[in-house]
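Have a look at this one.
The letters A, B, C and D name the chains in turn, as written, and every chain counts its residues from 1.
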Amino acid sequence: MSFILETQDLRHDFKGMKVIRGVDLQIRQGERHAIIGPNGAGKTTLFNLVTGMYRPRHGHILFKGQDVTKLKPYKRNRLGMGRSFQITSLFEHQTVFEHLRLGILSRMGVRYNFFKPMTMVKGLTEEVDAMLARVNLSEYRDQWASLLSYGKSRALEMTLTMATNPDLVLLDEPCAGMSAEETRNAVGLIRELTTGKSMIIVEHDMDVVFSLADRVTVLHYGKILACDTPSEIQKNKDVKDAYLGHGMKKQ
Amino acid sequence: MAGNIKKLVLGFILLGAIGIAPRFLGIISLNMAVELAIGALFAVSLNLLLSYTGLLSFGHALFFGMGAYVMGISITYMDGITLIPAILMGSLAAGLTALIFTPLLVRVTGTAFSMLTMAFGQLMYVLCIKMRGITGGEDGLTLFDMPLLSVPGVFSLDMTDPATLYYTVMGVVLISIGCMWYFTKTPLGGVQAGIRDNAQRVEYLGFHVSASKAVIFIISGTFAGLAGCLAAIFQQVISVDGFLRINVSFMPIMAIMIGGLGHFLGPVIGTIFLMFLNQMAMRYTDKVELVFGIVFIMVVMYAPYGIHGLWVKARIYWGIFRHRKGALGKEERT
Amino acid sequence: MKVLNVKGYLFVLTLLMMGLIFCNNCIAFQPLAGDIETFNPSFQYFDEDADDVIKIGLLWPFSGPAAANGAIYWLQIGWAVHDINTQGGVMVDGKQKKIVLIKGDTQMEPAAAKRAAEKLCLQDNVDIIMGSTGSHIAAIGQNVAAKYKKIFVNMASYSDTLMDQDKFNKYTFRTCSTTSMLANGLAHFYANRPEKDFYILCQDYAYGHEFAENFVQALAQVRPDARIVGKDFHPLFVKDFAPYLSKIQGANAQVIITADYTPDSNNLTKQWDQLGMTIPLAGPFVLNPLALQSIGEPYGKGFVTVQSCLLDLDKPGNKEFALAWNTQWKRWKDPLYSTNLFQWTGSTLAQATIGTYWLMHVIEKAGELNPDKIVATWEGDQTIIFGNLYSMRACDHQAMFNMHVSEIEWPNDYYEKSAGPIKVTAIPAEKIVPPPPKGLKNCQ
Amino acid sequence: MNPATAMYIIQALHGLAYGMLLFLVASGLTLIFGMVGILNMAHASLFMLSAYLCYQVLAFTNSFWMSLFLAPLITACLGLLLERFFLRKVQAHGLGHIAELLLTMGISMVIAESVKSIWGTESLVISIPPSLDGLASFAGIHYPIYRLFIIGLSFCILALLVTVLYKTKLGKIIRATASDPGMVSILGINTPKVFAGVFALGAWMAGVAGVAAAPMLTVFPGLADQVGMDAFVVVVVGGLGSLLGAFVVSLTLGELNSFGVQFIPKLAPVLVFGFMAIVLSLKPNGFFGEGDH
């Protein structure tokens, strides 16, 4: 089986504090993979290492068989890796339409053109509108992103990530802070958008994790504790200890 | 659509006014208009960085001066050169300077960017004084024998004639500002706005932020250089004080702030306001700086988005006022 | 009643006729003959719209960071204008015309300077423009003035290159000295002095370099055995001169030659004193009562100053001027003009006064305000003001006059808390005025 | 003593004296930036104003020590007012440093013009107080007492500052407020008061520097620009908000200045900005800067 993403003995530290202590992660082509773990397990750091925000102190990251350890985020994106952000990361002074337009531009590879106005780039407006319709954001087309409701801005966040049409999507707590209904909608949206793609999701909401994921990796103190199907993970004793025991001891 | 037509008509009226102005204005007003236009071009080029990319440059005079000096030097030391190649050399040199500095500048943002640009600007200022053999030191270069703006056999314009200078400068400035406006509508312009709001996100969308910034920086520098060339043609003396001093960098920032941050034509409004303020202050008092200081304080305190911000606010209040009036009217009727 | 009226009419007419006949001789103004006691630089108002006046535009920084400089020239020129106006004015076109001053504020910025010059020429329609501190500003001023055929009198910019082939035009005159004249004057003074080891400390810009070069050249001619033991050019507006001064102490110099002006000259003097130095300073601006007062006794005794005029207070003419000036400035209350600086009537404070008197003499001689007539009259003109002879070189419009150099002493009769000149050496003009610039048509 | 050694010592002392004076100005600036995030363009104007106040107090009381006490106090009060009635309001606009920059620049213009109207444009006569006048001699080297006094005074203030910031509870509060004002405010500490206090402290230090500089430098309306630019460079190169950075770079700049004059005078004008450009090119946030504000 071919892996779309593979990390080999990944290590990272902040000022000597070891956060990732040798992680070997393997994501299969087309699977939905969840990463869970108690607070401080290093989930977000691992995420940032994979997407290129930090450069790991040690180890390699292979994406589609290519070593991307030293590549900048924009290059990883061009290879087909997209990510969303835990804290909604949008453009304050731009409309919903303009957001997706930027994503589509990137997908089309129109990046440095300053001779042709955007209205004249072939198929651009149509594609954006189609995408808006697909995720039910058409009615907010010309509204500023900063004025959207929380649920809608999260939806825009995810749609924007998908606008560049990545093969592997990394979603960082897409459902954090949502109400039950919003979460249901979000999960639906994720399903809809990631059909046929590989996906890594970091999430605290176990319902989301177990309803979405094909496989689950449990991270604990910067190491992989277990990696298996959701049902196996639920039975795993180490995982229970890590979550509950840890909590018990503290109390 | 109606709004667009309104804007178009307004634009044509403005264009017409600019076209026939020399018939009504004296030389002084004409020259003031020229100075204004140059200042506006310079400020708009900076605004491309400030309002559209979120980069506050304290050293934009570097490019302004670079354009002027390279043009001046080529006229002084190259016999028989006409103005067009000299201007082209000037603006391209400014663009080239931007290109040279970009590897250092694109890495930084915020305060660090401002400081680094200021350092380079000041360094150029002292270097220009030091290289007095070429630049004429503080005395500067004099271009009293201004070559003609000509294409042999096609046309030839005398830049020492106020009306000709006026039309030429207005033409160049309008086209340049038009180019920059057009630029904000292109894909790179879109990327630029994205960088201003959230550079990290743009990077994760697959755009090379540093390279995009570099292109924008070079475009802005080139137009600043062009403004410098025009200013040199207008003043006929290129001196470090007039082109490279830190005040030269500050003036367009003031213009942008007063005109309205975030608006494309804010700097134009700001430049007009500053010029007007300077004239008024000079007429009534010797304490011009005091007036400027108080105005700056007032603007920041009470109109943080400048004149454009005030205008928007006024329109909102006007809307509320009309709405209330309308509501009242309805109430009375019922 | 009727008879009386006719008689009275005749009487008045006769008086008027007599007046007209005498006018040609008696109305010509004399320096210091006017009502100078009523002069106060802070309260000078002119009716810019009046008819039959001579309008003079002043191109100086009247606002902005260099406003102090404009204020000093406003005072100097105002003095001469007040003096002349209270005598009735200048005889032009058969009428006595008063002088009106109009400010053209350069703000020490080239763009503003050009705007101001154009406003003076076109809107205020002045007859003459005077200016201008800063050689780049003066260059703009003289260019604009020539374009509109106005006389431009340079009273403040020393740069030698201002009148060279590129920048010279026939409507521009310079009544102040050039940098080279100051430098040559100082060098000639040291021809017969015991000191022979010199250290040069000048500002690192055109004026400082020009001064240093000319001094070295002239010194080599008049004093072949002199040595330049060191040369430093410091940036404008140095905060701390101590490193320079300690370096000079180590170089065994006997004199420090400096062309610095304020604030650099003040800082230099103060820090010279703080380091307990004994090597005297020499230069055009070292005699500054404010700086010398702040260093305490003996208030800069032994410094050497070079100035174009007005140093020699025993000279007839000069003495009266100094006396009038010194009684007058103490009456001014405006903080701009009430400091001790103004007891210094040296050339820096009065060269524009002299220039103004001279220009008005020339206008009277020309009898009209036609610029070409004024140019023709001024070229080669000679006049004596306050006991000194001034002549205008015809070919490049540079004023020629003697330079005065003096070692300053304390105590002296003139300054209370500052050393002042007692024995003054006059260096004749022919020794110090540089040859006319090459390439000027008229000069060949 | 060997003249060469004496030269090295004297130039080093010159560098130290000017560097420490610079540090007095720059430390206030960097302290304010570190705390409130404001790049105060009017800081140097406060410095200049204090020098003028020193002249005025001298004229009334004829005592240098009195002016060393009073002038910085007045400056600090002024700083307090500026923070309370101007900067705090502008910070609420959320326009970032460009608005504060424009505001403080406006304030500096107003101060400069007021100074001109009150005291005129010529330089003021301020002599070194008799008790500190003259030269001190040791091992064949003569050095002005006043400059030694400046060095001593600056070290005293540095020691005071370090003690307050790192040894007292107040210092702990100040440092905590600088790093996380929201958290500290939840803990029941009046953060605006802390901000205002730090601003006043910075202004007070500018005031002390102004009085110390008045007899040594020339007091005229351009003094603010003259020293302000250097202080600015120090703060930027040292790392905005870093007291250690300001200290190290002030001394470096002072020594660079004096030994630059001694050995490479031709490059003296380029040195400061060249130094700044090189450092910032290599370390955009300055020597001791931490990230971006």
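Here is the rule we go by: a contact is a pair of C-beta atoms (placed from the backbone, for glycine too) under 8 Å apart; a residue touches a chain by one contact, two chains touch by 3 or more.
Bear in mind the structure is a predicted one, so any value in this text is a computation, not a measurement.
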**Q.** Taking each chain's C-alpha mean as its centre, the one farthest from subunit D
**A.** A
Q | Cα-centroid distance, subunit B relative to subunit D, in whole angstrom | A | 34
Q | Length of the line joining the C-alpha centres of subunit B and subunit C, rounded to whole Å | A | 39
Q: Let me have the rounded angstrom distance from the C-alpha centre of subunit A over to the C-alpha centre of subunit C, please.
A: 76
Q: Can you tell me which residues of subunit D touch two or more of the remaining chains?
A: 112, 117, 269
Q) For subunit B, which residues are shared contacts with two or more other chains? A) 126, 129-130, 287, 289
Q | Chain pairs in mutual contact under the definition given at the outset | A | A-B, B-C, B-D, C-D
Q) Tell me, which parts of subunit D touch subunit B in their complex? A) 39, 86, 89-90, 93, 95, 97-103, 105-110, 112-114, 117, 236, 240, 269-270, 273-274, 276-277, 280-281, 284-286, 289, 292-293
Q: Would you pull the subunit C residues touching subunit D in the complex into a rising list?
A: 65, 67-68, 71, 204, 232-235, 237, 239-240, 242-244, 246-247, 250, 262-263, 266-267, 270-271, 274-276, 290-291, 293-296, 334-341
Q) In their shared complex, at which residues does subunit C touch subunit B? A) 62-65, 67, 105, 107-112, 114-115, 118-119, 122-123, 134-136, 139-140, 143, 147, 159, 161, 166-167, 204-207, 209, 235
(Q) Under the stated contact criterion, what part of subunit D meets subunit C in this complex? (A) 3, 7, 10-11, 14-15, 17-18, 112, 116-128, 133-135, 142, 144, 146-147, 216-218, 220-222, 225-227, 230, 257-262, 265-266, 268-269
Q. In the complex of these two chains, what residues of subunit B are touching subunit D?
A. 50, 56, 104, 107-116, 119-120, 122-123, 125-127, 129-130, 250, 253-254, 257, 261, 287, 289-290, 292-297, 299-301, 304
